[in-house]
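Here come two complexes built around chain A, the first alongside chain B, the second alongside chain C.
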Partner chain A sequence: MNNELALLNNYLVVGAVLFGIGAIGFLSRRNMIVMFLAAEMMLQGISVSLVAWSRYHNDFGGQMFVVFIITVAACEAAIALALILMLFRASGSLDIAVWHHLREANQPAYVDEEIPEPPPGDTAAWPRLVPAGIEPEIDREDTDHRPHV
Partner chain B sequence: MTFYELVQNSLRDSLGTSIPAFAPELLLCATIVMLLLGRMFSGGRSNLAYVIMMVGCLAAFVVAWRTDAPEKPVEIFTGMLVHDSFALFMRRLLLLFVILFTSFTRLSGTPDRQTATEFYTLILGATLGMCLMVSANHMLIVFLGIEMASVPSYALVGVIKERRVSAEAALKFAVFGGGAAGVMLYGISLLVGTLGTAHLPTMSVRLAELLGSSAGSEYHPILVLAGLMIMVGFAFKLSAVPFHFWTPDVFEGATAEVAAFLSIASKAAALALLLRVTLGLGHVPSTLDTPTTVPVRYAVSEDAGTATAESASVSGLVTDSNAALLPARQYSAWLIALFAAVTCTFGNLAAYGQDNMKRLLAYSTIAHAGYMLMPVAAAILLAGTDPEASRFTVAAIGFYIAVYLFMNLGAFALVAFLRNELGSEQLPDYAGLARRSPGFVICAAVVMFSLVGLPPLAGFAAKFAIFAQTYEAGLLSLVVIGVLNTLFSLFYYLRVVKTMVLDPEPEGRPAPTIRIWSNAGFYCALIAVLLVALGVFWNPLFAEAQFAASMLLP
Partner chain C sequence: MINWHTLFFLLFAVPTCLFAVAVVASANVVRMAMCLIASLAAVAGLYFLAGADFVGAMQLMIYVGGTLVLLVFGVMLTVQGPSVSLKISSANWLMAGLAGGALLIVLLSAVVGIEAWTSKAVAETAPAVEAGHTVAPLGMGLLGIRVDQLSQQDPTLRRGMSGYLLPFEIVSVHLLVVLIGAAHLARAKRRRTASTPATTAPLNPEP
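Then we have the complex of A and B:
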C-alpha cells in the first residue's frame, strides 16, 4: 500500500510540475506558437496525473479520459495553428502583442516594449487555398514557365 | 459475462434506450454531413446550405419535441448521459434558438453564399456540444461538451478572414479558452482522482463518504482547490468576472450574429451544466437503479492487481449522506454567490460608458450572467433543506434562460439590421431613428425595457421569479445587489432608446428607414410581440420549466 501511495505521489508531482511549467509559459510567453505549446504541456501534465490516479484506483476510467484529452488537444492545436497562420499572414509577426486593437475606447494600448515594425517591402505572395467546390483559376504564366522536373 | 453477452447488452442499451433519446443530436450530425456534401455539389453558388441547415434543425426540433420525457431520469450510453425532463427542456430551447438564429442570419445576410457552409457547420458542431453539456452525467462529458462547444466558437469568431479585428477577437477567445479549459481539466482530474470515479451520482456518494469520515479532513484542501479550478472553467464559459475579459473584445470583433450565438446558446448551456454539476455533487440520489451506480470501493492491496471490493448499501445512507454533503453545498453556493455579486455589479458599471453597441451588449451579457448565477447559489443551498423549493428555483432559472433567449436575440438582431443599413455599430449613429422607422424603434424599446426588467414585459416576470427564489434561500444581500443593479442598468438601456427617439438626426446623413413590414422589421416585431406575450401569459412556459425541474434531485 505504501509503495502504491508513494508511486501515486511521485507521478502526481510530475504532473503538477508539468502543469505548472505549462501555466507559467502560457502566461509569460509572447510568441503565439510557444504559448499554444505551453497550453499543450498543461494538458499533458493533467494526463500524467490522470493515469497515475487510474493505476492507484485500479480502474481504466482515467486512461480512457486521457485518450479523449489527447483527441481534444489535437483539435485545439489544429484550430490554434490555423488561427496563427491567419494572424501571421495579416501581421507578419508571431508576437501576440501586435494584436491590441480591440480594447476599451478611452484606454491607451498596453505595450511593455516597442514592437519592431515588420520589414518594409515584404510582399511575398503566400499560397492560398481555393474555396471548395470552385474550379481554381490556373495561372497560365506560372504553368508555362515552370521548370519540368 | 461472455463476450457475446457483452455485445448483446451493449446493443440492447444502445438501440433500446440510448439511440431514441439521442435522436435530435444524431440528426444534427447528419445535417453536418449533408451540409458538407451539399457544398461539394453546389459550389457555394446557391442557397443550398441555408435550406439544408433549416430542414435539419427543424427535423431535430420536431424529434426533440415529440420525444416524451421518461417517468424518471434514465441514464443512457452506460451512464455517460442522463435523459430527463431538464435535458429535454434545455435541448428543445437550444434547437428552437438555432432555428430562430438561422432565419436571423438569413435575413441579415451575414454568412454569404461562399461562407455559409462553414458557418452553419460550425454552428451545428457547437450546438451538438451544448446538447451534450445539458445532459451530462459524467465528468468526461462535462469536459468534452465544453470543448465541443468552445472549439467551433473560436473559428466562428474569426469566420470573416478579411477583417483584422475578427482575427484578433478569435485569437483572444482561443487563448482564454485554451487556458481556462486546461485549468478546469486539472480541477476535474483532482476531483475525479480523489473520489475515484467520474460518474456524477457515484461521485456524490463518494464525496459524502469522504466528508462524513473523520479521515476525510486531509482531503479538504484538495477538494477546495479542485472546486475553485472547475469554477474557473465555468466562469469563463459564463463570462463571470474576473474571467470576463474576452467577452467585450470578442463581441466587438465578431459579427453581431456570432455574438448573439455566443451570448445566448453558450450561456444557456453553461448555466445548465453548472446546475447539473453542482446539484449532482451536492445531493445523493435516493434511486440509484442502474448497475453502474452501485458504489464499489476498490482498495489496492499489497499485491497490486487483485482488488478487494466493498460495496455499501445506498438507500439507508441517503439522509446521512445529504447531511454530510452540507460543506460541499455551502462552499459551492458561496463561491457562486460571490461570483454573481461581483459579475453583475461590474457588468452594469462597465456598460455605462460604452458607445459601441456590441460592447454595450457584451457588458449587458456579463451583467445577466450575474443575475442568472444568483438563483444557482440559492438552488444549491435549498437542495439540502427543501428539495421542492430547490426544484422551483431551477424552474425559475429555466424560465429566465428562455426569456433571455428572446431578449438577447432581439437585441443582437437590431444591431445586425441597423449595421446593414448604416454600416456602423456605434450608438451615436442611431440618432433620429424614430422619425424614419417608428415601428422598428418601438420593437427596440420593447427589447431594451425587457432587458432592464420593466413590467409588463417578459424580462420582469423572469427577473421577479429568480429574485424571489434567491430571497427564499435567505440570500437577502444578493437580492439587494441584484435590485440595485437593475436600477442602475436602467440608465444605459434607456440611453439606447433615448438616442433613437430624442436625439436629432445627424446633418447630411438621413437615418435609415426600416419598415415594420419588411423582413427585418417583421422579425424584430415578432420577437417584441413574443416578449410582451410572455410577460403577460408566462404561465405555460413556467409550467414547462417546472416540469423540466421536477426530475432533478431524485
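Then we have the complex of A and C:
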C-alpha cells in the first residue's frame, strides 16, 4: 500500500515540471504557434495536479475540472489557430514582434532583433454577399476558379 | 518484489518530462508538435494510473486526436520554407530560463516542503479511490447530481454539492460559439479581380 501514498507528491512534481517547462517555452519563443504549444503544456501541468488532488481527497471535483479544462482548451485551440491564420495572412510572418504596435500607448517598444520586412499588400478580398433581389453579376475569373460550385 | 506502481509511474512520467523538454529545446515546429503529442499521450497514461479513466480517454481522443491534429494543420498552413526552423537568441533563453526556473523552484519547494502532502498518515486514513469506474459519477455530476456525496447528512454542505449542470451548459454554448467564430475568422478569401473591388480595408499592420 506504500506506493499509493507517494502518489500525490509524485504527480505534483510532474505537474510542476510541465508547468515550468511550458512557462520557459512561452517566455523564450517569438513564434506564435510555438507559444501556443507551450501554453497547452502549462494547461496540462495544471490538469495533472488536479487529477492528483482528486485522488488524494477521494472526490470527483478535480476530474470534473479537468474535463472543463480540456473543453476550454479545445475552444482555445480553435480560436487561436484561426487568429494565427488571420495574423499570418495579414503580415506574412508568425513572429509575434511584428504586432508590437498593438501594445499600450505609454509602453516603450521592445524589439531585440530586426523584424523582417512585411511582404507587399495582399491581393485577396473577402467574399461578400450580393444585395437581395438583384441578380449578381457573374465574375468570369471566379467561375473559372470554381467550376463546380 | 518489484513495486509495480512506481514502475508504471516512471514509465509514464519520464517520457512526459523528456518530451516536454524536447518541445522547448527543439528548433523545428513540426518536431515540436510531434514531441508535444508524445508528451500528452504519456500524460494520458498518468491519468489512467491515477484511476481517472474517463479523463485519460478524453485526453487521448480530444487532445492527441483532435487538438494537436488541428495544430499540425495550422503548422502546415502557415509555415513555409525558412521559418520552419527557428533559432532564439541566448539573451531570450537566459531571461526566460531565469523566470521559468524561479517559478519551477517555487513550485517544487512547495510540493516537497508541505508536511501533510509527504506524510503517510493522512493518506492512510483517506480511502483509496475505486479505480476505473469514474464515467457514471462524472456523467451524473454533469447532470447536476453528485452521486458520491449522497450520504452527506449536513444540509448546508449538501447545498454546495449540487453538481455541475450550469457550468456544463455554459461551456457547451461557449464551444459552439467559438467554433462558429473560428470558422468565420478562418474562411477562405478569393483573389481580388477588377470587377470585385475591395470592400474592406486591407489588414496591413503598417499605418
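Simple rule for what comes next: the second predicted complex is superposed on the first by the 105 of 149 C-alpha atoms of A that agree within 3 Å, B and C clash if a C-alpha of one lies under 4 Å from a C-alpha of the other, contacts with A are read in each partner's own complex, and residues count from 1 in each chain.
Heads up, the rule we're going with is that contacts are C-beta pairs under 8 Å (C-beta built on N, C-alpha and C of every residue); 3 or more make two chains touch, one makes a residue touch a chain.
As the structure is a prediction and not an experimental result, all values here were calculated from the model.
Looking at the shared chain after the overlay, A:Ala105 reaches chain B, while chain C stays out of its contact range. By the touch criterion defined above, A:Ile33 lies against chain C but remains apart from chain B after alignment on the C-alpha atoms of chain A. Legend: residue contacts after superposition of the two complexes on their common chain; A:Asn10 is shown touching chain C, with no touch to chain B.
Once the two complexes are overlaid on the shared chain, A:Ala132 sits against chain B while remaining clear of chain C. A simple residue count on chain A separates chain B from chain C, and the partner touching more is C. Residues 1, 4, 12, 19, 22-23, 26-27, 36, 52, 56-59, 64, 68, 72, 75, 79, 82-83, 86, 90, 99, 101 of chain A contact both chain B in one complex and chain C in the other. Note for the complex: chain A touches chain C at residues 1-14, 16-31, 33-34, 36-38, 40-41, 44, 47-48, 51-52, 54-60, 63-64, 66-68, 70-75, 77-79, 81-86, 88-91, 93-94, 98-99, 101, 112-113, 118, 121-128, 137, 139, 141-142, 145. Taken in their complex, chain C has these residues touching chain A: 3-6, 9, 13, 16-17, 20-21, 23-24, 29, 32-33, 36, 39-40, 43, 46-47, 50-52, 54-55, 58-59, 62-63, 66-67, 70-71, 73-75, 77-79, 83, 86, 88-89, 91-93, 95-97, 99-101, 103-104, 107-108, 111-112, 117-118, 120, 123-124, 126-129, 134, 137-138, 141-142, 146, 148, 164, 167, 171, 174-175, 178-179, 181-183, 185-193, 195-200, 202-206.
Touching chain A in their complex are the following residues of chain B: 39-44, 114, 139-140, 143-144, 147, 151, 154-155, 158, 161, 164-165, 167-172, 174-175, 178-179, 181-183, 185-186, 189-190, 192-193, 196-198, 248-249, 252-253, 298, 300-302, 304-305, 307, 353-356, 359. Put simply, chain A touches chain B in their complex at residues 1, 4, 12, 15, 19, 22-23, 26-27, 32, 35-36, 39, 42-43, 45-46, 49-50, 52-53, 56-59, 61-62, 64-65, 68-69, 72, 75-76, 79-80, 82-83, 86-87, 90, 96, 99, 101-106, 131-134.
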